[in-house]
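Here's the structure, in structure tokens; my notes come after.
A, B, C, D and E label the chains in the order they appear, each numbered from 1.
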């Protein structure tokens, strides 16, 4: 059924972690990880070159000849490859461990000659699957690690390929890192806005005809909003850390742009918080609407009972078998000429009286 | 119906944003944006001049000849015009992007020679539509961007036109910016106070006759208060940032005035918070009132049932068809001389006894 | 009715404000303001003098001849008078605007040669009407502005009049200001303690016989506590600001005394917070008590129904008209010798059995 | 009844305060205060001496001859005596006022040559009566003021009397003050742990047989926990202030010990917070249990009604008096040979069918 | 029963403490403490040696000859032994007191030449029993105290025994302490993830068939999550303190690793907070589901009552005994030719009409 679809199991935001007590910095591949593939983008103000399915040799060949190198690694199964990349760009082992053990909190770590940024991206809008994207950047390189195919970087790739003048080619590695991180942050807008519209739809439906399944949908949406909040807050903190720290490989001009990304993150948080407030209000309102409906039903039951119980009692009286023959006191009304119609009229009067009484009390 | 009116769709506070991954600083017009119109106000201590429907040429002609220039741009559809204004006043491209992508969080950004203030204004009290107003100000200019016609600046215009001595003409661009921002903040008082009165009205009505639709109204009002809170808090933060920072184009004397505006914002927040507390209390009270009413109805049902069930049972007994002819033990009361009246009296006694019992238990 | 009295309309804490967009520092009288009256108290260590219904001339005459001058202005209708006072003591125009526009948040502003303190005072315990009291003090003067007659300053006046040695006459204007502010803060104790006793009374009553009107009272009291909290917190902040700032016209010795007032404010907040916690607990408990009562009623209804429904069914069976004449299978019991008493005994057994069953299930 | 005992009136934590507007530093005895009694303990590393019912003369005689003097004053009725003590040890008048006006928030004030610590102690576990204990300490003296007999200082007294080496006699007045304050803080452990056990007991009982009185007990316990929290937080703050401030009469070595006391206070707060969380959870669970029970009862009622209503209708049909003589269509079943047993079997079938229906729907 | 198992008594997190007022630093054994056993691990870059059931003599013999010594003491009953260890490593007496009095809040204290870290470890997943682990470390030693056998240190022991190059043997005592603390923190992952799966299981079950016992399980799980939160937060604080402070015996390189542990702690807190949010949502949803079920039952009852009450009234009418012989007005229908079938049809029409009415109202 369509409804059952609506509540299908979300992919939980699991944290991959090494076995308890393992030596830090040891890379152990997740058995479920995808095969690693490299895509190398070489950038200079005048030209650029993209090598799909690049090898370590490509990396060694080109790395030092271009002002900015962007290496994008998709799939985290190939541990040797990842370690080799770490050696070439001198990446910190603890950071590399965080790359492989996906599900890290978004954060920024600064090392001597490079920064390490962990972001989380919504991978699939329908099942709220999140994917960790790790971004290393130094003076002349950006290295990104993704769990799977599919990323929000296509617009950045197009902008790199755009004709001159081209800020992305001129401004260096930190600006490229900013562009990538900004596109990750911005990729949250569409699903959050879609959720907002879903909330509005449920609200409209609920005000017309409250249903049980709406409650479940509202709960689902609130849970999703909670998860989103839990992802967005550390992203905000990471961005604030990026802006606040003084490291030589982040230029002050770039910080103004990171500030803009921080503004976007704040707007996202604001949207999600608003959504949660709305959802909490709607859940309360759903409860009160269903409570009100029960109250209506109970009132209805009461009215019917209160009208028919006395009537049933009366017909019971006249159904008693006291023998009119034995005594003039025994149910003389049964033999009265207008006995039956009088009794019917009397019962009608009782019913009307009770209805008037209820109308006065505003129960009907 | 009037009620349905009351819950009509509010205009959501949507965030306009560029396509995900677009190059920052690119201005892309909202297709729904209004045609831009400029109004230029030239101010010197001795005189002032207003040019409606001004052109860029007017701007170039007058800009340098007056101590203070106020350019008010209504409607954000004309991107070229906005970019031209940005070039003339040397406004930062990221700030201009925020002007066009309305629905920004209220904030302040300081640039080398001008500040950029984003405010939100209640555009229409009835549907709680918000409008973004962007204010740039430097040493000798103020530029404001509005989404639509209709603003709270008329009193400021009148004060500029007022006879001498005239602080607005003497104190420079930062004081003019203060006057404009202050009028935006103050424009929140009337709708918030109207909402307070609405709350009071619902409370009075509710204590007299609780109704389902009040619940809905209370929920609506609380949601509005939540939205207002979400708008006012960042405005407060922006004002505090304005006062705290040291930039050459905001004079210390003006900061005292901004401090006054901050006080107003705090009072607004206090009013809204009070309203929310009241609304939460009223919602709880509505629930408890309707609960109490259901309890009353159930008690009523119980009393009627408990009185009539035994009586109906009794009349049922005397309606049984055991044959008095077959045995002297079979329902001799049916043939008793006072059988019928005695049975009626007995049933009356049972009813009275139960009523007394309920009275004692305080159920009636 | 007495109850209706209990929930009568409180005077809302309204904020008077100038028209939106009015020039700051413009004094506009509240049409409801009382006629201004001045009372001048001239203080020196050796002697003191009080001039009721003082005029501006009195002020000009005496002001410079006494070490400390306390001008108390009651009623805020006379704008010219207030502006004149502002000119004599060199008070800041924005502060004077806050004096006239009552309903300000309690706060402290420091100016070059005087401080401006806004306090709120409970004007009438019964209707929780608040009154703004503005206190200006500099090196040798204290100016207080009140909305109405009636203030908590009488003990201070008596202490000024007390025989020597007299700290209030010796310690200067800041100590006098402290004494006045302290008496405003202390004036909150009696109504808060009265409310505490009211809460205790409702609790006792509620535990004996829960009633609907208690719910309403508890809600009223909680709302009052919320309002009080909203008044006391900014007063606390204002006092903390007074102690923290370094201005030449507040002596360090006086700060120890302001610290004591701050302690009192903290105790008041603690009392109010405790009261709110208690009220929230009592409201929850009232709900659960009334819920428990409904549960009792429903159990009662169920028991009666479950006992009488089978019995009524049984008497219905023996009231059926199957013809014993037509067949020996048709209701032979009706003609049995002990048919009737046996049927009664059987029904008794069913009833007793059900009651035993309920007792076992602890429903009775 | 035992239950009524359980909810007996707690002694409220009242704040004694001087009349509103009284001159600060004026000591006014609480009419309910106990007669003051002094106990003087004179301590030197080699020996110690205790004088019960000491007089001011004893104080003057011994004060300067011993390295550490501990004066313990029980009962606060004797204002002259307290003022005399204040004069001898040069205690600050505002602090002395706080001694007499019991019910102060726990706090620390530092004066030039002595500290003033206000603590609150649980006086009687059963009724949660709190007692204020004021501790003054300087370089060579400790003065404690208690409201009543009974204190947690006995272990300290024993440790003073213990044989050498004896830290309490060697380490000076600040260490003695620490020992006293530590014993006050530690005296909270037994009642809090007792309350924890009470909570566990109620939980066990509740899970077996939920009762109305448990709700009341849970509310009482939560209120107690709220009060305790309100006492413990300012004590924690006071201890943190003691450690943070640099005053010559608190030695750095002693601060390590005060740090330990702070740890104890944090553990107390943690215990109380846990208790509150548990109580809130239990209250919710009690509500849901009693709600579930009502649902059971209603289901029961419904099942019985739904089974017997159709049956009663059926017996009513066959109890109708349509005359079989008048027409072959009129109730021929009444004269059928197996009419009666067939009707009984039919009704049995209806009942069994309904029960099977309920079983299928899992209502039974 | 299996369910009763599910709610079995958890071991409370009790705080052992010395008698109120005891002299600080006095070690008093918990009567329930286990017999102490020592295990000495001697570590140098080239080799290592483990002595199980070591004695104080072993300690004295080897202590100074190895660069790093790790003494692991299991069981806290042997006070003399613990005091002896304290003397050898110069541990602070107050810290040793905290070792013996288990149930301390996790914390870090820095002393001149060693740090003292208190951690809490989950001892048994099933009953949520916690165990205190105290870690002292200085320049060349680590001393750990555990309450019981069973710890998460086995992986660390294996890594010490691993072949060269071996960071654990090279990096000194602070790195060893890090490895131990990290393994304690990481040991929280499995039980928290197990709880998450349990929550998911209950959710699935609940959405299919809501049951009372789920409520109890959800409450239990939320309480566990609260306890966990109360343990993890101070651990986070302790780790942050470890990183922030500058002490000579913690190398800067090691701080990067402690930072990684802090990240793990933050992830744990995030997981627990998410779990709590989910549980609160599920509890609310369970309530609303069971409320909805009751509403269904009540609707059902109402429908049956409303249908059968009028019918029963009708059959009662025709069961009245008015005598058709006495008057043509008295129940002529009883003698009508089609009286009986017409009455049955009429009642059928009433029933169908009511059902149609309910269908229209969407009650069926």
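One rule holds in what follows: a contact is a pair of C-beta atoms (placed from the backbone, for glycine too) under 8 Å apart; a residue touches a chain by one contact, two chains touch by 3 or more.
Just so we're clear, the structure is a prediction, and the values are computed from it rather than from any experiment.
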| item | value |
| --- | --- |
| Chains touching both chain B and chain C | none |
| Rotational angle, Cα trace of chain C fitted to chain E, multiple of 5° | 145 |
| Where chain B and chain E are represented by their mean Cα positions, the distance between them in whole Å | 41 |
| Shared-contact residues (touching 2 or more other chains) in chain C | 291, 294, 298, 301, 305, 309, 312, 316, 319-321, 331 |
| Cyclic ordering of chains (reference chain C, direction chain D) | C, D, E, A, B |
| Residues of chain C defined as touching chain B within the complex | 7, 12-13, 15, 17, 19-24, 94, 98, 104-105, 107, 109, 209, 212, 215-216, 219, 222-223, 226-227, 230, 283, 286-287, 290-291, 293-294, 297-298, 300-301, 304-305, 308-309, 311-312, 315-316, 318-321, 324, 331, 333-341, 343-344 |
| Of all residues in chain E, those that touch chain A in their complex | 152-156, 159, 167-168, 179, 182-183, 186-187, 189-190, 196, 200, 207, 256-257, 259-260, 263-264, 266-267, 270-271, 273-274, 277-278, 281, 284-285, 288-289, 291-292, 294-295, 298-299, 301-302, 305-306, 309-310, 312-313, 316-317, 319-323, 326-327, 329-331, 362-363 |
